[in-house]
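Shared between the two complexes below is chain A, which pairs with chain B and chain C, respectively.
Now for the complex of A and B:
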């Protein structure tokens, strides 16, 4: 039996799969559910701009009673006629799975007719949007990717959950820049420089980098099927030191890389950060110097931000709450060298943990506004739901550390 | 407290239509001849359903607790609600969908109450519980007795109606049951029914207050006190009657509060008509007449498509004509018998193209391509669709349109949109997701009549 949640911050499995499919150019998601299931996915996003014109079977009462398979059949066929795409991915919502529609048979029928159609069980009762991303990614790798000749230097980037992680696109772009910087070829899959060709090229990569627990299943599948080694990061690196450390691991695991050029790039990233931090030092001390802080963030950002604040700035964590309920087997990696970590998706529980921490600054979502106001401390919004629009500025990588600093100094100045 | 009646779907109650492409006159004839043909789509895109619209209505009621009984994703419409809004989701998993989750619902209700002490709680049903048939009513009754506050069931299901506006009706029935009976009638109190609040609504309320009336806004922004007053009002009026139809009927049925039918207070003339009608009904002196209409020949015979909710669209027609434009077409999500008089009032009903699109962007983009208007006035989603089709667009929402300020706002935005077109703006170009083959077909090729 699932536990109820007060003001959760992520939608359901259908939503996560829908966001992921939407973020791959050439893939069209088709929602097999009632009309509102897709609308609710869009509503969870707010300013995220994930689009809301997804094809759907729009099951009505007649289909709930008599079955919706034939409705799905015509929807698959007509989707190919109306929308430009190479692959249609049928994603099931709760009603379709509860009434037992044979979705697999409908998809197979379309495949037999020569269309590329993937079907995936993503009912909302299967878990959160993070679970949906995980299922989609694993299925995409296992069912749409064929073996190919290895491309030297190609690195798969997986982990930020499209549209659910607030800065997913900026994080992927920054990691792509960094990987290119050390002389390798980034393979981002999601976003404007990803796409279906990028998804298919995952089998040709030399290495996969998993930046959050939610990409663990996919990188393991790539390893099992195509023998592609992978690196698991303890979340997204934030700041030049953590970024440099991850890049060094990537360079060491990849094949032929010009080590000297890679080292030069990593050093320049560190110098750049040091330059900016040096100019901010006086301001940081004027604003109170080392502070205690609380974070309520999903696993993509929680560890990286805590480590940046602790190790680079010397601040003290008062409460660390990871808000996306990551799989148990990945938790020890996330917790690497961190003090006590709490896991909770429940807003009341998170507010209680943050509220009793005595933190002098809070890093979280817009849901932490109330508790930050109660504590009379600044709030830096780094996670969904948020009113902060992040098209290009994330918190990961060496540039992300500086973005975080900008936000801290600005918010502290206004406080 | 008397129980609210569960309203039937808009299709059954008001002969609602959610798919149509043709001229206005033909649809009027069809609606007047009896229940219209049921049309269904063989291709469709996601659209608002009764659950999401009901949640949006509830999210704007102050201090009311909301429990979404379903999988976690069904609570999306509440995510952007105000900080501190007490809401929870029962977060059903696969086991719950098979065995039911009455116990989980009861625990959620208790915890929400203990933590936030709302003055009432509404339990919103979702497709999952509509299929597995959890007995929400029994749990709501038990917890209502235990907690000492009203706990009300709201029986949305997401699949019985193809018209999302059914969500207004179901939410209204639940909210009406939260209005406690009152003795006596206050002749200086009126209910202003609205589901969206903003500066426009505030301005209309101030104009009514200028008549010496106390204006009780419900349900948008209303708290326990406003609900408590609602049964004492001398009458109710609504900014948009089609949204408020069940709420006004329930206030009349349960508390004998009559309803005054009025066209929306859109634009200076619309607002004046609205206030004058209320003054007459409440036997108050008419306010001083101020002529604050925009008298520009702004549109210079340009062909305009309006793509707004039905009552707003029909009211904006008047402003477009006032601005010197011609109506090339109207696109709405649904039409029902509440709109027949408004449709009849269109001067060229036989030639105005009508698209009933249920939020289907692919139909709208094809249809716009066929009629090639000079301008679209619509919701933000419709405006974005028009921009992608290289059509000048104005985005405006219900509250923006209210009162004289709404008229000025619309005129300003029209001026800017036409200037943007002249400047050759490029936003949205080259991003169409639709195949060229589809754009060459008739916009209604996929609509068929349902076999009964």
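Now for the complex of A and C:
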């Protein structure tokens, strides 16, 4: 028997696919669902905003009863006429899939007429926004990317889910900086330096880096189709030590790199972090020294933040809750050398786990505010939903570790 | 014309089992007895009221909804035999859209158009696709529409299976104000065991059989003329069978919440009847032949 899920932290599959498509310049998503489906996706964006409005077939009861396929045909045509983009991605919501609209036939009609139209089944009942991102990415790789000549040093960056993971763009940008730092060429796909050309270039990369379980299917598809090797990271590396380790794996896997220059770059990242931590040591001691902490975070951030706090700062985890229900086959990678990890998407269960942990500081979303207040401890918001606006500062990479330190020290001073 | 609150009754039955024929003959018999009757076909095939209207075409509620936006009652109804007001809910093109939601939308529209306040019927009969394939087809038995439901079945297993499914839907909705079961109408009775089999099913599921309709050439012949038996052969024995059914339905008939059989129990029950009807020896021979 299915159980009720209280206050889920992610939208539905349609939302995840919609956010992902929106974050690639040159791709226009078309929502084939009721108007509310797109509105909900927009509302969920909260403080960050998606900065987009989407074409939609705006299904009403009439279309549910008689079928919405001809409405979709008209909307594909109008969208292609009004919005300039290379690829239109038709994303279906629950109503369209429940009544069995032949979406594939409508997309095929448009393809037969020479338009690049991709259709993707993203009904909410298929899963969360993370599943939507996963399906979109896999379909994009399998159906819109063609083989090409390998570009030396090009590295695909996949994993942060646009708009669903709180600091997704900052994470992609930090990873891009780091990859460029060791002498390789980052291929970010999403955001200002991504875009359709970047998506298409995934087939020409030397290596893919998968930073969360949700990009696993896409990097495997890139391997199957184009023979591109991949590295699976146990979530984002946080802090210079984990970042250095990941960069060393990337350098080792990516063919021709100036090893000495790469090593120098990695060392300088470590040196910079060490400099700041030395400066903060006394403050951290004054604020309570080694503390016990609890995290309630999605797989992108959970492992990296726990490792940074325990290995670099020497703190002790009191409760670790991964909140995005990652696929079972990726869990052992995520849990790499971590103590007991709980998996829960349910707010009541998460609050109970954190509440009974006795943690002295909590890392989570704004939903953890109540439990942190009950424990009378600081809360560091590093996951959605959050009111913390993050345009440029994420928690991944060596700079992300320092951002986390900034947040910890500031919050502890205010506490 | 009656000033009483109209009585809403749903009649379910597996497709092809004779539920539209039965419903139309009951409507005709009620009309003949001087009642004002509305019959609403809730089957996407839209052939519920055909034999009340001499086989004439009737635009369905959903066709009109699709074509003209908001139809009037006059657009989607026709007066049939004995003044019965005939309405077909209709459905989408086969294989497209959601017929279940369509039934829902059609019934909602009839309420919005104040059909029952305007026509002031004594009886409203809903003739519903009996397989109850989804929530849409359970609309007439949900809270506030029909007070009671009858199911038409033959002694064929698949018709009994569909009846059992209806019982499941009734037992789900009845506790929260949905329709209760008025009973089973045994149709197409032609073999000696058929009545006993249906009686047994009814008693196992906590209900009873309210009428036995024999298989009859008079029905087939009347349908070829696009008429009910009440109209085409009013003095026939078959017409009296329908009149008797109509009197039962019109009266204060008892209702109950049925106790449907679960899947293994239903199969076991059917197998026992197979043994009873054909004999264990016959079954063994069949196995040997296969």
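One rule holds in what follows: the second predicted complex is superposed on the first by the 411 of 415 C-alpha atoms of A that agree within 3 Å, B and C clash if a C-alpha of one lies under 4 Å from a C-alpha of the other, contacts with A are read in each partner's own complex, and residues count from 1 in each chain.
Assume a contact is a pair of C-beta atoms (placed from the backbone, for glycine too) under 8 Å apart; a residue touches a chain by one contact, two chains touch by 3 or more.
Values in this document were obtained by computation on a predicted structure and should not be read as measured data.
Within the superposed three-chain model, A:67 lies in touch with chain C and out of touch with chain B [touch as defined at top].
Looking at the shared chain after the overlay, A:107 reaches neither chain B nor chain C.
Contacts of A:8 after superposition: chain B is touched, whereas chain C is not reached. Judged by the touch definition given at the top, the superposed model places A:166 against neither chain B nor chain C. In the superposition on chain A, A:98 makes contact with both chain B and chain C.
By the touch criterion defined above, A:17 lies against neither chain B nor chain C after alignment on the C-alpha atoms of chain A. Between chain B and chain C, B touches the greater number of residues of chain A. Of the two partner chains placed by the overlay, only chain B lies in contact with A:75; chain C stays clear of it. Of the two partner chains, chain B is the only one touched by A:369; chain C is not. In the superposition on chain A, the residues of chain A contacted by chain B and by chain C overlap at 61, 63-64, 98-99.
For chain A in complex with chain B, the touching residues are 1-15, 28, 31, 33-44, 46, 52-61, 63-64, 74-75, 78-79, 81-85, 93-95, 98-99, 123-129, 348, 366-367, 369-370, 385.
Of all residues in chain C, only 62, 65-66, 92-93, 95-99, 101-102, 105 touch chain A in the complex they form.
Residue ranges of chain A in contact with chain C, taken from their complex: 61-69, 98-100. Note for the complex: chain B touches chain A at residues 40-52, 70-80, 83-85, 87-97, 101, 103-104, 107-108, 111-112, 115, 126-128, 131-132, 158-160, 162, 164, 361-362, 381, 433-435, 437-438, 446.
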